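Two complexes come next, and they have one chain in common, chain A, joined by chain B in the first and chain C in the second.
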Partner chain A sequence: MIETVKTLAKKDRRIIGVSLVIAFIILAIPFAGNPFITHSFMLAFLYASLALSWNLLCGYCGFFSLGHHAYFGIGAYVTMILMLFYDVTPWVGIIFSGLAATILAAAASLPLFRSVGRWFTLATLAFAETIKLIFINWDAVGAAKGLQLPVKPESLYWLTFAGPEIYYYLILGSLIIEAIILHRIVRGKIGYCLQVIREDEFTAMSAGINPLKYKTIAMVIGGLFAGIAGGFYTTKYRFVDPFSTMDWILSVEVAVCGIVGGLFSFAGPILGSLVVIPVSFYVRSVFGGPLGGRFFGVHRLIYGCILFAVMLIMPEGVLGWIEKRLPISGRISRED
Partner chain B sequence: MSLLSINGLVKRFGGLVAVDGVSFNVGKGELVGLIGPNGAGKTTLFDLICQFLKTDKGTVIFKNKDITNKPPYLSAMMGIGRTFQIVRPLLNLTVLDNALAGAIVKAGGMEEARMKGLEALKLVGLNDKSSLKAGSLNIAEMKKLELARALASEPELLLLDEILAGLNPSEIDESLKLLNKIHESGVTIIIIEHVMRAIMKLSQRIIVLQEGRVIADGSPKEIANDKMVIKAYLGERYVL
Partner chain C sequence: MQAAILQMVVTGVLLGLLYALASVGLNLIWGIIGIINFSQAEYLMLGMFTAYWLYQLLGLDPLLSLPVAFFVTFLLGAVVQRFAINRVLNAPALTQVAVTFALLLIIRYTALMLWGPDSRSTITWYSEKSLSVGSVLISYPMLISSILAVLSTLLLFLFLTRTDTGIALRATAQDRATAQLYGIEAVKMYTLAFAIAVGITGLTGALFSTIYWIMPEVGAIFSVLMYTVVVLGGLRSLLGCFVGGIIVGLVECLSAFYITPSMKDVPVFLLLLIILVIKPSGLFARKGAL
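Presenting the complex of A and B:
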């Protein structure tokens, strides 16, 4: 008994130590003075918030969606429209972005959840592409040309800053809040019921669990945080169009982040994003330029090879790979 | 007033009539055995009572409410617990997480549900395996786990589908004791079983199905001497 208490304490100390070092590195990155690195990790946080919200439905409930970009795109548009046409501060706009994505997710749930398995995946993709087509043809919101914010002086009220540093901390903060809220949800009744449904929907029903209710909850919460992420995207890039904010590749990248990190864990999608996105960003900037001119798309080839290598070396996902090598397993994974 | 009342239930699968106009009442506190040859429609009848299958004709009344063709989770919430003949464990979850599934909807939170799950595991004798993955259990333990999940929901009516199949004689005796205990605590039970020794000892009343129809309904003694039942199912004169 005393033995276990001691080892636990040792384990705890190690976890606290590792976490502190990681936290310090993350907070210190912008001070390294390299806007390129700061920018790539800011993007990683943005993807992490998307992957985390996406995994509530995928990892916990087993419904693989390729329609997450619709919620992100709606979020990006709502903040943009409110800033551009109604002079509303993005602090409020981002809240409305979340709300709009929530409503869209709630409306989409009923028809989408009539299908299961790969058909569900196809249905979500078709749904999101339909939303994109609507925006491509919607003249009032710029149609295919998109919307551009005029240049404004730096201000906290308009969330306008020159470098990526402040966005870095803003998006990191929003990711942390999202992670805390989602962690509470998955450890509670909702997360548990989602897992029961993932394992066996008939067993869930025989226990009195209404599968559609919990699937819809997962979809709506996922939509909420994806919409908020979309709002932050608008404040940083100040330009939205259907092809950049509603491209289905976005959903594929979110899924890649989740799979590389590990779907069956809470922190997996965050870690996956922190690995995949900076690598992708770096490869694109190095090989996408002069070399890309002669061999078009060579950066994608290299990126694909790196992904292959990661999957070969870490078939259990980045998180599973780390857990095997560090004695911290059972702490961040939900399989404890 | 009967707890469960089934009136003229019909279920067709294409040209096959699996349940063909079945009617009976089950009063509160009864322990009813449901027997019959393979393919008689016993499990289909359970699926109709739990609303896992859509009824073609007839009604299922539970606690004076018509639950015919309502969603299955509603009948579960109203107090119908069931086990599956082909076990349906949540393989990647722990034994405790499997058991508490039954309790989660009515419980205030995870802690309360865990307590109820643990109680149910204790009752079926699986509490020492609560932290193992359900996938690591053997078939007899999985059947017990099915029962624990159903019990955790604190059902008023318990539908048990062949939970004794595959158990050895001493395990069967143990399970019979447990079922008697559950019954004495006030739970109404309908049990499908092929182990005649067990069902004759356990039941107060037995309903015999053949080709989707009720061919006999009476005490174990009456059933054992019924000519139609002997011809259709028991095969020879069954001696109690």
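Presenting the complex of A and C:
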């Protein structure tokens, strides 16, 4: 008995130590003075917050959505419209972004959850593409041209900064808050109900769980955080158009991050984003992209190869794959 | 006004016949192997480019390169089935979706890397010509492509119903275990089914190369249309594919006319959503048999 307590404590100590080192590295990255690295990890945190919110529905409930970018796009647009047309500070705008995405998710969930499995994936894709086409043709919000914020002096009120450092800490902060909230949710009643629904919807119903209610909750919470991430995107990039904020490739990227990290774990999507996004950002800036690179779609090709390899070699994701081979399992991620 | 509507209806039906052929492959894979192949439209793009390069390098008429387009994509399909799809046949839906999506990314963005994002087109002696029936104008490329599409579908239908291999394919789709008891090798049948399905989509790409822009990202335009056709028509039904294709073609042309051309896909997407919500198994779905 005492032995187990001792080893547990030792294991805990080791995990706390590793976490502290990781936390220190993450906090210190902007001080390395390389804006490229800071920027790429900032982007990774943005994707991590998207992947975390997406995984609530996908990993915990088994509904593979490819329409998550609709909530992100709506969030980006709402903050932009409030800043540009109504002079509202992005601090408030981001809250409204979350609200708008929540409303969209709530409205979409009733029809979308009529279908299950692969049909659901298809339905979410069609839903998000419809939203994108509407924005492409909506003249009041810039249609296909998109909206551009005018240049403003640096200020905290307008969330305008030259370098990526402050955005880095802002997005990291929002990611941490999101992770804490989501962690509480998945460890609480909602999380367990979602997992029961994932395993067997009929069992869930016979246990008195209303599947539609919990699926809607998962979709709405996911939408909320995706919308907030969209708001942060606007403050950083200061330009939104349907092609950059509402392209289906965004949902694919998010799914790749989640799958690479491991869907059935809480930390998986974060780990996946921290691996996939900096790599693809680097590849894109070296080999391709619209600014003079020779190979246009190379980073997306990389997503394809990573996804393909991970699905065939380690279907349980990197985190699950590591855990299977290390004796320290059970502490970091397993929920089920 | 009436003449314009008639024109739209005729164009819509002709385009719909092509959409039908494009979706037959998706329907076959979905119906026989039981997975949604999200990369299906990429083979259409490859068929387009096969026709385009034969036209560009050898001066071959795009419609003469139909067999080449079929065989190129057929072989690629056999390889993909063997090394990727076969491994995830019994995997969860999520894995299947992810793998076919990975294939989509790999094919589309390899093509983008090789050939760049520009849209190209083929020009033949009949490109500018058109047939006038009353007040309706039918362009020759459209007419020829649609006729060839119908012929190809008929050939496929005959193959599936009149040849031993076709019947074995349908038997596997109906009941895999029983088919295996009768000595049909399911894995072989799946490879064949996938290769044929993908080959037909590639052939449709060659047909489209006379009337559509040829670019690596063209699959993005076609994929949702193809899903809509299959969902409308229902699984395992060639007739359903035709009905679905014609409905989608009509909806697209009429909404391009009545709303704006850039919004023409919104009603199609909404149609797909509505059907998925009301009757996810499709309007003409048949159980088992093809």
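One rule holds for everything that comes next: the second predicted complex is superposed on the first by the 298 of 336 C-alpha atoms of A that agree within 3 Å, B and C clash if a C-alpha of one lies under 4 Å from a C-alpha of the other, contacts with A are read in each partner's own complex, and residues count from 1 in each chain.
In the analysis below, a contact is a pair of C-beta atoms (placed from the backbone, for glycine too) under 8 Å apart; a residue touches a chain by one contact, two chains touch by 3 or more.
Computed from a predicted structure; not experimentally measured.
K.L.:
Applying the document's definition of touch, where does A:298 land relative to chain B and chain C: first, second, both, or neither?
P.N.:
second
K.L.:
I'd like to know which partner A:115 touches here: chain B for first, chain C for second, both or neither.
P.N.:
After superposition on chain A, A:115 lies in contact with chain C alone.
K.L.:
Which holds for A:233: it touches chain B only (first), chain C only (second), both, or neither?
P.N.:
Neither partner.
K.L.:
According to the stated criteria, A:311 is in contact with first (chain B), second (chain C), both, or neither; which is it?
P.N.:
Only chain C; A:311 stays clear of chain B.
K.L.:
Which partner does A:96 contact after superposing on A: first (chain B), second (chain C), both, neither?
P.N.:
The answer is neither, since A:96 touches no partner chain.
K.L.:
Where does A:123 make contact in the superposed view: on chain B (first), on chain C (second), on both, or on neither?
P.N.:
It touches chain C, and chain B stays clear.
K.L.:
Identify which of chain B and chain C touches the larger number of residues of chain A.
P.N.:
Here the partner covering more residues of chain A is C.
K.L.:
Give the list of chain A residues in touch with chain C in this complex.
P.N.:
For this pair, the touching residues of chain A are 58, 62, 64, 111-112, 114-119, 121-123, 125-127, 129-130, 133-134, 136-137, 248, 252, 255, 259, 263, 288, 295-298, 300-301, 303-305, 307-308, 311-312, 315.
K.L.:
For the complex, give me every residue of chain C touching chain A.
P.N.:
35-36, 84, 87-88, 91, 93-99, 101-106, 108-110, 112-113, 116-117, 216, 220, 224, 227-228, 231, 260, 262-263, 265-266, 269-270, 272-273, 276-278, 280
K.L.:
Residue numbers of chain B touching chain A in their complex, please.
P.N.:
50, 52, 71-73, 76-77, 81-82, 84, 88-93, 97, 100-102, 104-106, 109-110, 113, 149-150, 153
K.L.:
Enumerate the contact residues on chain A facing chain B in the complex.
P.N.:
Touching chain B from chain A are residues 187-189, 192-193, 195-196, 199-200, 202-211, 335.
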